[in-house]
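Notes follow once the structure below has been shown.
In order of appearance the chains are A, B, C and D, and numbering begins at 1 in each one.
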């Protein structure tokens, strides 16, 4: 019987801090990771969409993995986003990230030619990557960024590959997630929620955890929600989930990575600016972001 | 203290049977309703989208309500879809349906001029309708048909109206549903799932029931799922929910009302054809529909 | 050889004026039509989307046709929008509008069940309507309102029906329009632009006219543009077309029917309010609308 | 007075041939370019979307520019796509492509974080790139690939930058194109059509040329169409334009780059396969592609 890496749990897809000259600030990166080590995360994801991977050079992408590996303890998983547009670049990046210390890779759907990214094309792409990858592969569907939903029939086919162990689904369609689980369960395929907004709903239909941008800010609370779900404390879970939806929306659809980084500052992490062209939040946006945390009890109202 | 009509539970949005000359077949309608009376539904919805209300004349819409009222016992709710494009037509239809026996009305978002259907416009529309309605009003957001999602801020405002008691949300975005519940809970606002595909996930975040096209076919099973959710049998609920997603998708997005009606025939109800221009299923579509029920154990495989 | 009604030219899809009690104001309707009689339009369209047909009762729709027929001279065409969601309602409305004086009917795509409105379904619908219609039928594709583009293969098939003489295409995709003309030219099929924003581009690929909301306001100018196109004064046409795009966008996508009606007031027509739920423009919207006319030289700047 | 590079004319955005081991085949690239030299193109575009730039390494992108420069005569323009997701990578690529021989660069909108790519962000991005670029910059909006339309207000602002001389607009919305020209004309801004489907319509509203994937296959015909437009032979232009729509759609939306490459083979160029994950056409797709050329008289029907 095949033994599959267990990826159950909560992960922050960490941000990439930059210096004022827009260079990667590896020291701040390590300090953030050290602070996260006290939270019962299952592991760390580097270079999900929240990590601005699209703005990093190949060398930076690998160096981030190496630095993270130095800090992330061995009993936590280090999952690295290795997706590129071409299959051969993805294969190469996967191999090098594995050599740099990643325990598994997260491979986003290639999407520039989305009109031709049929199930057939995507199955071929992921199969080639998984065939050659030294570490397990996790699929990654994030239609908000890619404009492309990995089709369920492709997921079902790919779930049978021995080196493809799960998917991060950021689309938020819990009906689709339920069906994915239903159709892949005999292969021990593991589904992770790609956002904290539907974490409880995800657990109700069988997801095993989440890779959530909000974990960069409210990681302890997401781990608490996970525990409630696992312990069947559904009423508590519901109350907590409700209070997380607006902050989560604020750091994803509404304000994106600049929102995550701004909120991190308030909670004692290194946030800072994004690389250009991702602009910093405007003052009204910062206020609205803050309101979304205050209104749900995660920050105190400003005294006047 | 205001006493609000309790709408918790499962409802089939019944189909409208037609004779071979495309006239409403009220006898078949009554016979279907009699058969549904043995299922523990909370009530019956007439003239949701599944009822082809868009294809009925005003007189037919009212007569369907009258006939249903004759058959639906007093301890079950009769909810009638009274939405029209204009506010004044909706007001009038609401009043007449109420006089015809409806316990509450379900009011779809007007949508032909969707580019101008701002929160402001929709709040005004629903407030006028609710002000004059003799019975409680339930909002109805069904973006798959209308291309319009009732905005959450409009829902929050409308939830404070004493005669607006809930919403049927057919969009399937459980994050949005959770936030709706979070932001309206102090007003006792009741949220119903508009599709069986996310019924369990809906319960996990606080919905109180569902108006589900699949209820026309597998009503007993939907009521069983409701009971599991209310009794916190989450593992059983998950297994059952998984088996309902494909049949539900088949009778909604994939094959629509013609799919519901075809499946009803297999389960002993009067289905029949839709009014033109809704075409009957093709033979390959019928086969695929059947496969979706067979694959999930709801019909036996054909013997060869 | 079949003789086909020639529909070449420009038409305003007229608005429906209402009294302060939201009743149709037939007198104002007639006065607007009288004013339009001095503009070299080919005819008048009643109950396009601009006519708020979706908000009128059946009786009002017919009465509008009758009143228009009284005022519109015989040498101008009266085209009436007769589309309803069901085939049988459309057939009946078509017949009654014909009896009420319409020279041709404009039939919008049924769209509430748009997921099932396949080419097959739409061909069947239009064929039935055209078979029974006493007057020629013009197809009407307006995806901005219906969320549905009439597929080109359906148009090609329908163009062969002897009683279907053309299409009003409001989608604005001039590539699609060019292909439609290319594939239907042997049947003498006539394509009208459904918006003034691409009138010149339409003529360049072979359209024969336009049914343009902006014609309610700047009808003389649209007829001038038509003449330039027919006389191959392409440079003049380009200059004029450029100045019409912003005002046109303002009275279509941006501000819709309330925008048309507001602008009509400035040009000496009866505009007034729309029926609820279409809200009046806010003050900032009125200012922006006015700016779009001023900036292109159609209104004088306000003196301070 | 500022003297602006004149980019009027037709350009093929050339494909990148690969060897059977998926390495760039520079010899085939040069041979294709030599064949194109007999067509009255204004110049050549390398690494538009048709060039699979998203699948090339940085080194390959530069080498393609160098090789093209060797072959493209000095009197023809060599325009190179230098867009990357981050501003700093785009600046660097622009500089290096300029050093490698590009006469101008074409800069696609960054799009991975499209939810945050506001006008403000895009204006900042392009301004930084144009400030530092040694050669003129051409904007590139291709929503089919990026899911993002460069907003008109951003274009108007950017048109005032002395080093931004035009845009390639592949969206196909000729109303938008007309408005762009209207609002930028005082700055001598030059608009190129990004597809052959609306080339004539584009000329009618003031575009000055086109960068058209179909130019790889039917370059002579596109140049003939250009000449007809410049000579005001509108009737001939219309006939020719009509015959180009279907072949153009086949090598863009329908079959994409694999379609261009397949059709190139039939017309004597090196086409070949795309890099993975772009799959080759299936046999039925090849047949349909061929039909689209045959039906419009560009290839002879197969003899039986």
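FYI, a residue touches a chain if its C-beta (ideal position, glycine included) is under 8 Å from a C-beta of that chain, and two chains touch if they have at least 3 such contacts.
Here the structure is a predicted model, which is why all the values come from computation and not from measurement.
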{"item": "Chain B against chain A, contact positions shared by both copies (same if over half, else different)", "value": "same"}
{"item": "Relative to chain A, chain with the most remote C-alpha centre", "value": "C"}
{"item": "Mean-CA-position distance for chain B and chain A (Å)", "value": "36"}
{"item": "Averaged-CA centre spacing for the pair chain C and chain A, given as whole angstrom", "value": "49"}
{"item": "Residue numbers of chain B (touch at least two other chains)", "value": "none"}
{"item": "Chain contact topology (line, ring, star, complete or other)", "value": "ring"}
{"item": "Touching residues on chain C, where the partner in the complex is chain B", "value": "22, 49, 54-55, 57, 85-89, 110, 112-118, 120-122, 124-125, 128, 144-145, 147, 253, 255-258, 275-279"}
{"item": "Parts of chain C lying in touch with chain D, wherever the complex brings them together", "value": "172-175, 178-179, 181-182, 195, 197-198, 200-206, 232, 234, 237-238, 241-243, 245-246, 248-249"}
